[in-house]
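In the two complexes below, subunit A is the common chain; its partner is subunit B in one and subunit C in the other.
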Partner chain A sequence: MTRTPRRKAYGVKSAPYVFLVPATLLFLLFFALPIGYAVYLSFRRTEVAGLGLGKGARQEIWAGVANYADALSDSELLDGALRILGYGAIVVPVMLGLALLFALLLDTDGLRARGFSRLAIFLPYAIPGVIAALMWGFLYLPDVSPFLYLLDAAGLPRPDLLDGGPLYLSLANIAVWGGTGFNMIVIYTSLRAIPAEVFEAARIDGCSQLQIALRIKIPMVAPSLILTFFFSIIATLQVFSEPTTLKPLTNSLSTTWSPLMKVYQDAFVNNDIHAAAAQAVIIALATLALSFGFLKAANSRTKQGDSR
Partner chain B sequence: MSTPSLTAPGRRRLPLVPTAALLLGALYCLLPVVWVLVASTKSGSELFSTFTFLPGSGFTDNVADLTEYRDGVYWRWMANSAFYAGAGALLSTAVSAVSGYALAVYRFRGRETVFNILLAGVLMPPVILAVPQYLLLAQADMTDSYLSVLLPLILSPYGVYLARIYASAAVPADVIEAGRMDGGGEWRIFRTIALPMMLPGLVTVFLFQFVAVWNNFLLPYIMLGDDEKFPVTLGLYTLLQQGSNTPALYTLVITGALLAIIPLIALFLVIQRFWSLDLLSGAVKS
Partner chain C sequence: MKYRTVAVSTAAALAATALLSGCGTDDGADEPAASGPASLTYWAWAPGLDKVADIWNKGPGKEAGITVTVKKQASGDDLVTKIITAAKAHKAPDLVQAEYQALPTLVSNDVLADISEEAGDAKGEFADGIWQQATLGSDALYALPQDSGPLMFYYRQDLFEQYGLTVPTTWDEFAETARALKKKAPDKDLTTFSSNDSGLFAGLAQQAGAKWWTTGGDKWKVAIDDPATQKVADFWGGLVKEGAVDNQPMYTPAWNKALNTGKQVAWVSAVWAPGTLTTAAPETKGKWAMAPLPQWTAGENVTGSWGGSSTAVTNDSTNKKAAATFAKWLNTDPTALAALVKEGGIYPAATAAQTGGALAKAPDYFSNQPGFYTEAAKIAQGTAPAAWGPNVNVAYSAFKDNFAAAAKNKSDFGPALTAMQDATVADLKKQGFGVSE
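Let's turn to the complex of A and B:
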């Protein structure tokens, strides 16, 4: 490709740069500039002179790392971070475990209702998180919930699904419900890409379906497992719309339940954009550190060739 | 092929356990959808008094109430969502196509750098983007407008990524060479030769982006104040919030949720046949 014939090939040199103008422009305006602005804001603070009334009474000054120091010692943010780690420790393994299990099951010979199951499990992907949280929220609500109704009918105690420990499970369930299908499809698609001869050989050697799944299929889809893990970590740490939607249904969800909710609260309710900016930067860095840390750890174990 | 044959005795039994386990998974995934379908048929009093999965008698009333609610603001939200998702996905696909093509086909200085920087965008938590995006748009006096929700979502790093992968797989280098030999300009070659070849991949990008924009909550939540411009997700959220004081609104929320997911499910059922999922695995492998 590099040795393009000079003849008639006008514009070849500049074409890629021209083609990339829209993306570059949008990137600068809506990614680079906001990130830079957030970092800038995070090092500033508002100084209020006197009573803070009138023009010029409030001005922005450099704050150094004060906002970061505040954020790191802010118990609301730390509590939120701990909550989200607990939540993520449920969501990510359960969701990806189910996704892998379903993908392997879908790949079973002679399976019935394959198309239906695949479609039904993938369906939640099409449903907005807000609406998913809303639907599950009603299913958790004591007066409506069929689960509680059945427990009651069986004479068992009715746990409050929107409080305490069960609340974590209830929130995790929404994420698992919404994300399993998509990840299943990603894993299933890469399972389908494994050449059939690989299994034939194993089958002739007398391997059972289970052995084939454990010894051949799982190692061969490891790259897609790593990728789904990577993106699931990022998505989980950013949970916002589900707890925000459930909030009207319960008093146990504070306005600062997840770190992102805390950022929103500080930026738009408390009007402290500087604190919010510092927190956002910290969350972004923590997210990147965690997800790339995972990727590095995983990649040192599996090395997969580049496919271009 | 899938019938249990007798040729390989013992091995090719009907896999009952996997089938049952998957059907159980399917049931779990369909449960809330079935519930919302049933619940939307219940009148306000039936909702809290009858068994959850017992259909009620008020579906048409509920739809009529929802349509009447504040002069049909619900349908306005639906139209807004369709606009945000449709226009956003279309613009996004166009940008992804032209960028992915450039990154796949040309060799130029800084290619990988540009690609990696664009890709890093996918890792940015939306909040570190959305809050300053709001503040910056506020300075341009552009918040609380259709554009404030539309513009930040046009560049999709994932879309560029998919388009690049698809272009390098679907557009052979010699076809482009041949186009150049025929004296076609680079833009013409892209539009008339490469674009049709990339179309199946671009459909995937469009659908991904459509779902992503339709499902987005954080950005409109931050940007918009005037509920005439709300997408349906944000509209339903505000309705639910008011519902905690007036439970009568709950039936409206539930009916609204059902009507909001019907177009997406319909779209999903139609497109999953064309959806090139192989693209996904290709994306996963590199």
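Let's turn to the complex of A and C:
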């Protein structure tokens, strides 16, 4: 009898730590360790002597912040960042706008074929990004595209979809086509979670469907809109597979079109993992700053709204 | 306190397990060295190489007690990166397939072994220009040449006849032919300038006499913007600018269609083109013909190379002698070469194998030109030597980006070439190589 309380007290005190051990271990092994190694690599570089042929011609040395200085002064990385900002300025509003619109339409009363429509809009999300990019690439290429063939047959001018401004639209289109369904499901799910009494009350007060959508539904799904926006920003900053897949089809996409393509190019083509590591760290920090900056701004606005 | 100790030791145990399992996946590279039976791993991408290795394993390899296993890991530049990474962990395979232009990069990363003692006597089997790419101009031997890709001119015989064009023998005539075709059929192009294919541009520059990387003392000299290459860049830049040839990249669905429908009526390519044409333009089989590459000076017989690879032995191999023996057999033995041609469809680098044997008959796609390989062997004799350096990959990606922009804007290719030179030199300097101005 005397032992039980003691053991109990001991167990309660240490239990949280015991439960934390697996997660902490996994975090250290598969998260902190690789990131730490990447950061370590970013402060190193290889030094070659003379012709650099044969044994001992290459050694790894401490580089200080040289890799970071190079990356930040590299106009290609900055240009890449500007390019994806332009791309994101098209993708994010269009994709989320469409997702919200579809979600609201699906949530309208008395809709027929709801399940089918939901599946049809969601389906492109299930197609891998590379396959989607390849498929659209074929549809954009002047000589094999049925769209351009029809335009030509109708005597209309054929826009070059893989060059200049249209290139951004073409790339954005792939992302919008693939991502709208996912975001729609997120928004739609939170629409379904709104209690029916709210709508009933609104209808009794004489609200139309449109007014319900604008005044009740959209404000009530604001948190999931913020969430999808957050995901979309991260996805935009990490765009890689679509431009990489389309690159061989056109002269207008360089090997360093997006920041991640530049990292890939340095790591796996130019064989300079140190420069690539430094760039990766910079991109990760920028992504973190941008996405959490947005979350913070969104949160403070919500709080202001609450206090009013 | 107690639990922390447990956590730490568990972490250590986990880390140790991870390390152990990391080491566990070796590919027989740690076999005991020296005379006894050897088991070798070979990373390569040429199709059918495993079948050729089977011939070795059942015949000469069985007698010598050397077994070779072919592993298809990746191809071209991707494989170079993989091999360098593996070599850093001292886990590189015994044998690797490497393109000629990748050899300096691999040597510079201390991946390849010098096999001049074991296989240096094979020198006589290859043309000088090819052999020198495997020695990097030194006394060492870093690889045995496997296949080569001498450049040639392919054209649609029927369409040339239809539009009254003659096969160009010089580049001036080539430009005239392009213009004449544009006049007669404005929607057709003689060919395209592809900014995706740095290897083709390098081959064309070799033909003009360019030597992009050379060494003097312990310094590299980069001459990508030398007069010879400038001449080639200006020539193609001029044709693109005036619209005489197309500016879209090769190896796209649109390009395949252009070849298949006769929108593009010719292709400057290498000896392996029949394979590509078979898949890209199946409907025009039998309508193509091959001629020597147009020359800068009339009456000469000079060509460059596009592609081509070699078999190299790595420093990580515990049985370099056995590996070199296999590499030599693979690339000089008539049985092996015949199998390489048959199974892999390659054009062997060994001079003796370029005529007769498996290459006696023209490729199926060119059955209308029975003397295809006799002609090809004649062209191959004039292959200009190539001079590669330790950062071809950087030069090639600079080519892709700068020439793509120039081709798109139809602007002069000169500045693009200068940018390519500058990027290459800057990268060498940044890495610490000795560079002479």
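Everything below uses one rule, namely that the second predicted complex is superposed on the first by the 272 of 308 C-alpha atoms of A that agree within 3 Å, B and C clash if a C-alpha of one lies under 4 Å from a C-alpha of the other, contacts with A are read in each partner's own complex, and residues count from 1 in each chain.
Simple rule for what comes next: a contact is a pair of C-beta atoms (placed from the backbone, for glycine too) under 8 Å apart; a residue touches a chain by one contact, two chains touch by 3 or more.
Fair warning: this is a prediction, and the values are worked out from it, not measured in the lab.
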| item | value |
| --- | --- |
| Which superposed partner A:95 touches (first subunit B, second subunit C, both, neither) | neither |
| Partner chain in contact with A:84 - subunit B first, subunit C second, else both or neither | neither |
| Touched partner set for A:161, first subunit B, second subunit C, both or neither | neither |
| Which superposed partner A:143 touches (first subunit B, second subunit C, both, neither) | both |
| First, second, both or neither for A:248, with subunit B first and subunit C second | both |
| Which superposed partner A:175 touches (first subunit B, second subunit C, both, neither) | neither |
| Touched partner set for A:58, first subunit B, second subunit C, both or neither | second |
| Partner chain in contact with A:27 - subunit B first, subunit C second, else both or neither | first |
| In the superposition, subunit B vs subunit C on subunit A residues touched | B |
| First, second, both or neither for A:17, with subunit B first and subunit C second | both |
| Shared subunit A surface residues [contacts with subunit B and with subunit C] | 17, 24, 29, 138, 143-144, 248-249, 268 |
| Contact footprint of subunit A on subunit B as seen in their complex | 2-4, 11-15, 18-19, 21-23, 25-33, 35-36, 39, 47-48, 51-53, 94-95, 98-99, 101-103, 105-108, 111, 114, 117-118, 121, 123-129, 131-133, 135-136, 151-152, 154-155, 160, 168, 173, 177, 180-181, 183, 185-187, 190, 211, 214-215, 217-218, 221-222, 233-234, 236-237, 240-241, 243-244, 250, 253-254, 257, 260-261, 264-265, 267-269, 272, 277-278, 280-282, 284-286 |
| Subunit C residues touching subunit A - in the complex, by the definition given at the top | 3, 6-7, 10-11, 14-15, 18, 77-78, 80-81, 84, 104-105, 107-110, 136, 138, 195-196, 215, 218-220, 247-249, 251-254, 257-258, 263, 390-391, 393-394, 397, 400-401, 404-405, 407-408, 427, 431-434 |
| In the complex with subunit C, residue positions of subunit A that touch it | 14, 17-18, 21, 24-25, 28-29, 46-58, 138, 141-144, 163, 248-252, 254-256, 265, 268-271 |
| Subunit B partner contacts - residues on subunit A that touch it in the complex | 1-2, 4-5, 8-13, 15-17, 19-20, 22-24, 26-27, 29-31, 33-35, 37-38, 41, 98, 101-102, 105-106, 108-114, 116-117, 119-132, 134-139, 143-146, 149, 177, 180-181, 185-186, 189-190, 192-193, 203, 209, 223-224, 227, 234, 237-238, 240-241, 244-245, 248-249, 260, 263-264, 267-268, 273, 276-277, 280-281, 283-284, 287-288, 291, 304, 306-308 |
